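Each remark here refers to the structure printed beneath this line.
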């Protein structure tokens, strides 16, 4: 079985950056390029604080979902505690900024603390529970995540309880900050824009890092484990060690994403950062986008976020047209966007388990 | 069908487990009323063959005929209902159920027939004393007794047993050989996988030796017993030593 | 000699946990509160048992973890609201007889509705994903979302009140401790159903098959039984039980929201983990433990209450990593 090389014979810089793992397939390449450009120039293309906020959210979610794909798609681990570590990262930065001092040092300290706790939790949960059956593990992660959420809600002193914490961010990131006096290409380059580009760059870096991880020998072992764990164990690899490692890497990425989220929102709270509905969103994104592809995270995140905003609009209009019909109007109410997204999810899992990217990708290995 | 005809026949059976082909064209014949021993080294494919016969794993290719009827596509329960009893290597005892309940599961809709039960007790008296005990608490030998007892509590045409004497003390082994030979008296056909050549030689009428997913020798047991050089070659052992 | 003792101790110690807990709680609070809380805990345990037992059986026999189980709990609760609305005469009469009859009707309807949905669910969704844990988790999660949204479509997004029948609103006085009448009814209902399940599992051929199948499905097939056909029955029974649990719990809370199933999911999972996946007896004891712990801790230290069950789970897992009564096969 010869390796099917991608169409371009040049190996070049681009290929190296993408760790020799390009999207594959013309439609897919085009889609992802469009997505990349849209995100790169988002503040110019979609001005206004709200649109930039959406774009920032997409960047952060891409990292969160991609790190989840590391566990789910590449190693076959179903964890419901992923959003918990995201929240821990967010709270790490948020708490330091709210309670200690505001400054870049604080941000770094908070992020480091968040990462440390997240990584530690990942090691503990993984090494304890990965020795048991997959389903047992998933249930335990659910229980632990639930506990963390309760903790965040109850521990007013530290986390601000249900209301969460609002705080200031370093000066360069504040909306009132002006990097350039004059607008650049029609865009007022203020703190919000700076925050966005910080988010975008970190997200891009982390994504490329993850591409490197899955295309390394380590990554190949992970995929082998997903295929047939017993064989891998028989070949002498400590499966539990590998799984623990991937959980730690994924948790670190998620915690960093959480830290970014804190900076973007200038707020942390249990609902925004640790809720079960966010976990469901991540699941939707990774499956719809395509498990085990990493690029699926990009497609999935963009699709689901856009769906959340625009599906409601669409449903509103459709629902208005059938306002008279009782059941139909309830089905098409904008509040029921999750119903349709959920249906899409079930259909994709049933008929296209490879997701969008999986489907569009040309078969390689 | 007269005695000596093939009750069970495998023709060119190939079985895969996942991506690996384990059986590479197995041809096997189990003659009615006789004891056929399936021998071979560890990993030769003996258990896979039994499981394929029982429909627990599906043959990728080939035919399996039971009393002339093809069974290779049938579901396991249907194969069992044709009169085939299976005793797996791990005995398949339900540890949380009592001895009585284990036997009850093996009996027909009318429940346990007293007369059959007496015969089981005659072979394996310990089952009577442990009647209401949880099967998981029995000793290894007793569990094995229960496993075989379960296989014979209803009349069967074919008994397929995977390593009946594994892990048993020599006294127990003798006991089992006697019990199995008694079955043979009643026209029950037996297909046994056995690692222990000494035991095999005492019980078997016919022998088939497997290696790397194929049958590499078949014929009457006597022929193999008499030929030390053949034994060396096929099983890597000399007469008198246990497998 | 000491080895046999140790083995015996090992076997019987999980049974001792509940009585020990109950006894230990007594000195921590007065007899009055202790009695009320113990009854409350047992009642909650019964309802949780109804909700969890189906799931443990389904998992034990079929290796299917139905993440949509919460949806069946929710459906049972909503069906109860509708049914009790329809038989308002009985439900609102101020007499014990009609009230109990109304509850019984609602209970059976909840069971029927959830069971029917369970049947459809098994045929359409679960059937496709036997033996594929990843797909199971994903697809049942998706189904959970869809079903709960559909429930909102049918019954509306607002919380629906479910007032208790008049004759069950009060409390009985035992000494100086009030014991809510509804709790006693729920306790009895739970016990009856638990006993019925026990009877079916231990004294019928069907129950025997289920118990054996939970341990070693392949062997049961090798004995000539079509275990797959059993699956449907067990799945339907499991979802029907969930519906009943949902109904009783909603009546207890006097309020039904679309989140009622979800709020129970974590507790149900904890019970399954504590009891041992696949063990109905373990589920029973686990449910009681969780019910008692929740009530005791809530009284003793309200702050700790929400996390107390998870702490309980961690403690049990440290003692018995596979749960109190693990079933062999898994």
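Which chain is which? They are A, B and C, in the order written, and residues in each are numbered from 1.
Assume a contact is a pair of C-beta atoms (placed from the backbone, for glycine too) under 8 Å apart; a residue touches a chain by one contact, two chains touch by 3 or more.
None of these values were measured; they are calculated from a predicted model.
The most centrally placed chain, judged by C-alpha centroids, is C. Among the chain pairings, A-C comes first (most C-beta pairs in contact). Inter-chain spacing, taken between the CA centroids of subunit A and subunit B, is 55 Å.
Rounded to whole angstrom, the centroid-to-centroid distance between subunit B and subunit C, based on C-alpha atoms, equals 43 Å.
Between the Cα centres of subunit A and subunit C there is a gap of 35 Å. For subunit C in complex with subunit B, the residues that touch the partner chain are 205, 208-209, 211-212, 215-216, 218-227, 327-328.
For subunit C in complex with subunit A, the residues that touch the partner chain are 59, 65, 125, 128, 133-135, 137-139, 141-143, 145-146, 149-150, 152-154, 157, 262, 265-266, 269-270, 272-273, 277, 303, 306-307, 310, 313, 321-322, 330.
Chain contact summary for the complex, subunit A toward subunit C: residues 72, 76, 78, 132-136, 138-140, 142-144, 146-147, 150-151, 154, 276, 280, 283, 287, 327, 330-331, 335-336, 338-339, 341-343, 345-346, 349-350, 353.
On subunit B, the positions that touch subunit C within their shared complex are 54, 56, 75-77, 80-81, 86, 88, 92, 94-97, 101, 104-106, 136, 150.
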